[in-house]
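A quick write-up on the structure given underneath.
Labels run A, B, C and D following the written order; every chain starts at residue 1.
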Amino acid sequence: MSPSPHTLSVPPPDIVRSAYVDLVVADLARARAFYVDLLGLIVTKETEDAIYLRTFEEFIHHNVVLRQGPQPGAAAFGYRVRTPEDVDRAEAFFAALGCRVKRARDGFVDGIGDAVRVEDPLGFTDEFFYQTDHVDRLTWRYDLHCATPLARLDHINLVTPRVQEGCDFLAALGFRITEDIRDGDGVTYAAWLGRKQTVHDTALTGGDGPRMHHLAFSTYESHHVLALCDRLGALSQTSAIERGPGRHGVSNAFYLYLRDPDGHRVEIYTHDYYTGDPDNPRITWDVTDERRRDWWANPVVPRWYSEASSVLDLDGIPRPLDIREEPREERVVVGADGFTVDTATDQETKIGSQL
Amino acid sequence: MSPSPHTLSVPPPDIVRSAYVDLVVADLARARAFYVDLLGLIVTKETEDAIYLRTFEEFIHHNVVLRQGPQPGAAAFGYRVRTPEDVDRAEAFFAALGCRVKRARDGFVDGIGDAVRVEDPLGFTDEFFYQTDHVDRLTWRYDLHCATPLARLDHINLVTPRVQEGCDFLAALGFRITEDIRDGDGVTYAAWLGRKQTVHDTALTGGDGPRMHHLAFSTYESHHVLALCDRLGALSQTSAIERGPGRHGVSNAFYLYLRDPDGHRVEIYTHDYYTGDPDNPRITWDVTDERRRDWWANPVVPRWYSEASSVLDLDGIPRPLDIREEPREERVVVGADGFTVDTATDQETKIGSQL
Amino acid sequence: MSPSPHTLSVPPPDIVRSAYVDLVVADLARARAFYVDLLGLIVTKETEDAIYLRTFEEFIHHNVVLRQGPQPGAAAFGYRVRTPEDVDRAEAFFAALGCRVKRARDGFVDGIGDAVRVEDPLGFTDEFFYQTDHVDRLTWRYDLHCATPLARLDHINLVTPRVQEGCDFLAALGFRITEDIRDGDGVTYAAWLGRKQTVHDTALTGGDGPRMHHLAFSTYESHHVLALCDRLGALSQTSAIERGPGRHGVSNAFYLYLRDPDGHRVEIYTHDYYTGDPDNPRITWDVTDERRRDWWANPVVPRWYSEASSVLDLDGIPRPLDIREEPREERVVVGADGFTVDTATDQETKIGSQL
Amino acid sequence: MSPSPHTLSVPPPDIVRSAYVDLVVADLARARAFYVDLLGLIVTKETEDAIYLRTFEEFIHHNVVLRQGPQPGAAAFGYRVRTPEDVDRAEAFFAALGCRVKRARDGFVDGIGDAVRVEDPLGFTDEFFYQTDHVDRLTWRYDLHCATPLARLDHINLVTPRVQEGCDFLAALGFRITEDIRDGDGVTYAAWLGRKQTVHDTALTGGDGPRMHHLAFSTYESHHVLALCDRLGALSQTSAIERGPGRHGVSNAFYLYLRDPDGHRVEIYTHDYYTGDPDNPRITWDVTDERRRDWWANPVVPRWYSEASSVLDLDGIPRPLDIREEPREERVVVGADGFTVDTATDQETKIGSQL
């Protein structure tokens, strides 16, 4: 049995934010068409088998690495730490936890220097780094803006079977829980945890895991999200739209979920709120509040719950799945997504299935 | 058999636009809460059993009359005509068609003078009027704006079994067809027809009729539509949201469909286009184009197709329904709403029903 | 003395809308950079010495012709008429008025057929045409949208010394006055007149004339106007911004005024209102209402009043200017633009000149 | 001579953010009309001589205290600190600097507990506190949203004669400089400094000081700023608009400056960027870049530079002004605000003064 992160005498690294995702794709050209031509991410660097992309407001080397590989998966989740010494702290912390740890003084990917990758207790491969090449921050380059200027990598969302256990681990790493979805029996269905002062850097979604639920880019205003939908219509690529656009209850953000050509889910996200005070109030949503996932109570597409990306271990091998034994959010019936009250009859009716 | 409107020697009235709907509601207080407190329509006049409402930019007496009645229904669809003499023309035109006609020199409702009501060949009760009280146009009254300022009554949408026949009748009345939905066999599923220079004043939706599918108010920008959804969430009234928000393929408008407490459907609508040239090109959408009803190919809620309001005859009696015998849009399978291509598998999957 | 257009027995043509401007520019390449690269107008056709441009929602051949010429000027203002016979009517009407008239059965410019050009009583060269090539209406082509999709040519604005006289002439041509700026002495400073159902097709601004004050393109939402400003900042082309962005009092539209490389003024315009009813109420603004030109009472740049483009006669020669003898709007002191009440002192203070 | 904050052995408090302003107003009822009726701030508490106001997303007791007083002024700038012990640290830090210090274990104002107020080396009265009553965060209360929902107190902006010296002091307090305006001679005209992860909590503007330049509330999207302007027009209160709306160069935010009935300046602000990384790149704007204050190079109203609010000492007495001896931004001629290049002549022309 692994030691508890809470009883370790070794301090955790000081994490600044979720900074990048190392993504394996089966067809690099198709992935480029999606992330560059469609989403308009900026190419920092491009090699034969990898593309390094960043958002408009980013000044570090990249927020996404697309790498050609045998099967799609999330190879690593990159967290930026506050100082070079925090990379050492990360190495020591995870080693003390009994995790597999790998140090690369010259970095695992281009544009990033000394870093450590670990297989964390939840089964995800995380990278911790400080050193990175600075590149042009394009905040003021409105001449380069496309329909939907993606400003920042806002967060990652991970699927794990035991959300409460995951929260405990991330809390030991210094994350603050800002919101969660629970029921009256004490089951936690999902949680949002942050290091930077937004609602989250990392969210945990209950389900068979470890898997990556999605990565999310922030844009500026809600019309930017609509413009992307309009563009997808014009390009006959509406099948990329999985869910939304809509307003989240959790986080209050305006959202859209897309699926990339490899099935990786990408959220476009805008307009959450400041959480930087030490006593920032946690919001707990009851799992039966039909507004928690969509503030307008529009139904969630079922596969949004069930599908997610593989995550890879330090050797690039997909992690086996651990099955969720607690209740699943999509099976909670009363008031769950897709149900609403029919005004005419005052009866609850399942929208989308009565044809 | 009725005479054809096209072979009549009697000229039709010169219709300016769809101007108001006379709506019967079962509970006037609940209807007031919806149209006034929630949607923010302006009360021009209020009596014990009727409320006269208008939009922000309207200068005629009202766009909606809510009238307490035994059962909900649409009592009349009011069209404004160009001159007082066009009321005479309307009377003569419909009389020549063999329709039941009723003239009220002092008007059928408050705020409107000399008018004629007719039971038109499609089974709808229409009113034609010129005289009306002018009231303050509140275009510049930003201090009165609520979350979603409703600027204009944009159009009405009617359900009729034989859409092509309905188009022929409305064309004889001077309407231009701007868009329609058809299939390769020559079936018309729906059509949009205008007198003013937008996409429509009146739309025809194929189905059992005569019924009223919805009335639509225009607002200014897409964020105004989102704000209404956000407000409905905050008020726990999301069950009023039936479909959307989204972008229409047909008309290019940004839309939201609500249901009022009596089940009458109300659309919030913005951003269609100019159609005033004599040779304005008609857009025909193939019924299998999944973007026709929602440009982003988000699924249409089935009851959006099947449910609609009763329409009342000149005596206030609900009209019996004539069943549609041509194919129904919601039963056309390939590419119909709710189907999309799954990126992962390249298979068509029905969104919203695979739980 | 010319015959009055009101006493003519010859009927005027039925004008549909202002449809295009034939614009002479001194440097076609610089003009192209402005209208195509910056504003994103669609090139319908391009020859060595002329470029034919249209807006996204246009289906006729063009809304602007840019033509290389010895000196900048507005060569003609093109109005579309309802039928081919209305071109004959236009010819007869202006001939009866004693105006110089020129007919071109094959059109004066590419993409337009039978047309007549006239030197109208106010000194402007107008063209009336019905026949035109239809081109793709790009309303749904969101994939082609730039920062500020220009949807339509909304109107033209002309400088003339005697606005009331100009109104009388345009009224005889069938235009409805929707708004005007007047003072207590009966002086008219400016007027807005429409054929289509918006606030105007043609506006008259009091000043030395005939000159062209500006041409205006409509866009969809206010953020599209802001996006163009942001883009101009990024391109270090802010000197193209002359006035705005802001909200007009007159017309209620959100606006921005640019100057093209030849000094022609271009307005980006969105969100005016429906004026199609026969008794649409005219709005008269007092010249001392500081909100008439900018609803927020932000000062008008003086050269916005004083500068305008030459207009050319049928031979391409700039028209001599007739000096305005009535009071000039920019000289009306109390409450005129640039003045506001200082909250601290309750004194009126001229913004922008107290440095 | 005071000891340098940089050589102190006493650590500074860990400041979380600028949290509230204690504002003295001459007429509380007029101030209430401005901040509550017009701006829509939420009243947390109201007594006979003070009103405690907060923004929609705030969960601490207030962001503004309006207090009736003999003459308008800023009585204190409240900073929240990370722990109760940081209040002790603040007390010790400023005492060691030789500043006047006052501790109030029960708080200086309602809703806030143990706090210390100091007269800082720049002449401003600052308050440091941790304990505060939690109140409802209204983030999701869209039913309460007015035209311009104010989400957060974003920052305060202070006038001081020696900006570089001010920066040094704030850096010793732990602030990061994110942007500044400088010239080639090494003069600093203004600087933006942050504790939370936005562009700033406190800005320093060069001028005669100490004075308060403005306090700023953030809203969500640019249209919310426009809606407030539109509302001011409708209420004939446009004299409250001092400058804008516009896009800042510095901070990239969309802005509007108002003046309250006492002349206190209030900014409405949205859309700056994340600055939380330890090596966040500082942006230095040259004072001659005409886009630094307005990205569109629209001229700055001169009194925006020259006027500001008094600040009060611990006894409530206005602080005497120390005159700026370095060059003043508004006197820097070439390329300064209000100048732009005239496209027609390629000459630099002063907008707003050539009438």
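The rule is simple: a contact is a pair of C-beta atoms (placed from the backbone, for glycine too) under 8 Å apart; a residue touches a chain by one contact, two chains touch by 3 or more.
In this text, all values refer to a predicted model and were calculated from it rather than measured experimentally.
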item	value
Touch-network distance, chain A to chain C, counted in steps	1
C-D or B-C, whichever has more C-beta pairs in contact	C-D
Chain centre separation (chain C, chain D; CA means) in Å	42
Rounded Å distance between chain B and chain C, as computed from the means of their C-alpha atoms	34
Per-residue overlap in chain B, given as positions that touch at least 2 other chains	140, 221-223, 230, 233, 249, 295
Complex contacts: residues of chain C adjacent to chain A	140-145, 147, 221, 223, 227, 230-231, 233-235
Complex contact set, residues of chain B against chain A	221-223, 226, 229-230, 232-233, 236, 238-241, 245, 247, 249, 254, 259-261, 263, 290-291, 295-299, 301-303, 307, 330, 338, 340-344, 349, 351-355
Residues of chain C that touch chain B when the two form their complex	16-17, 57, 59-60, 80, 82-83, 134, 137, 139-140, 151-152, 196-197, 220-222, 249, 252, 271, 273-274, 276-281, 295
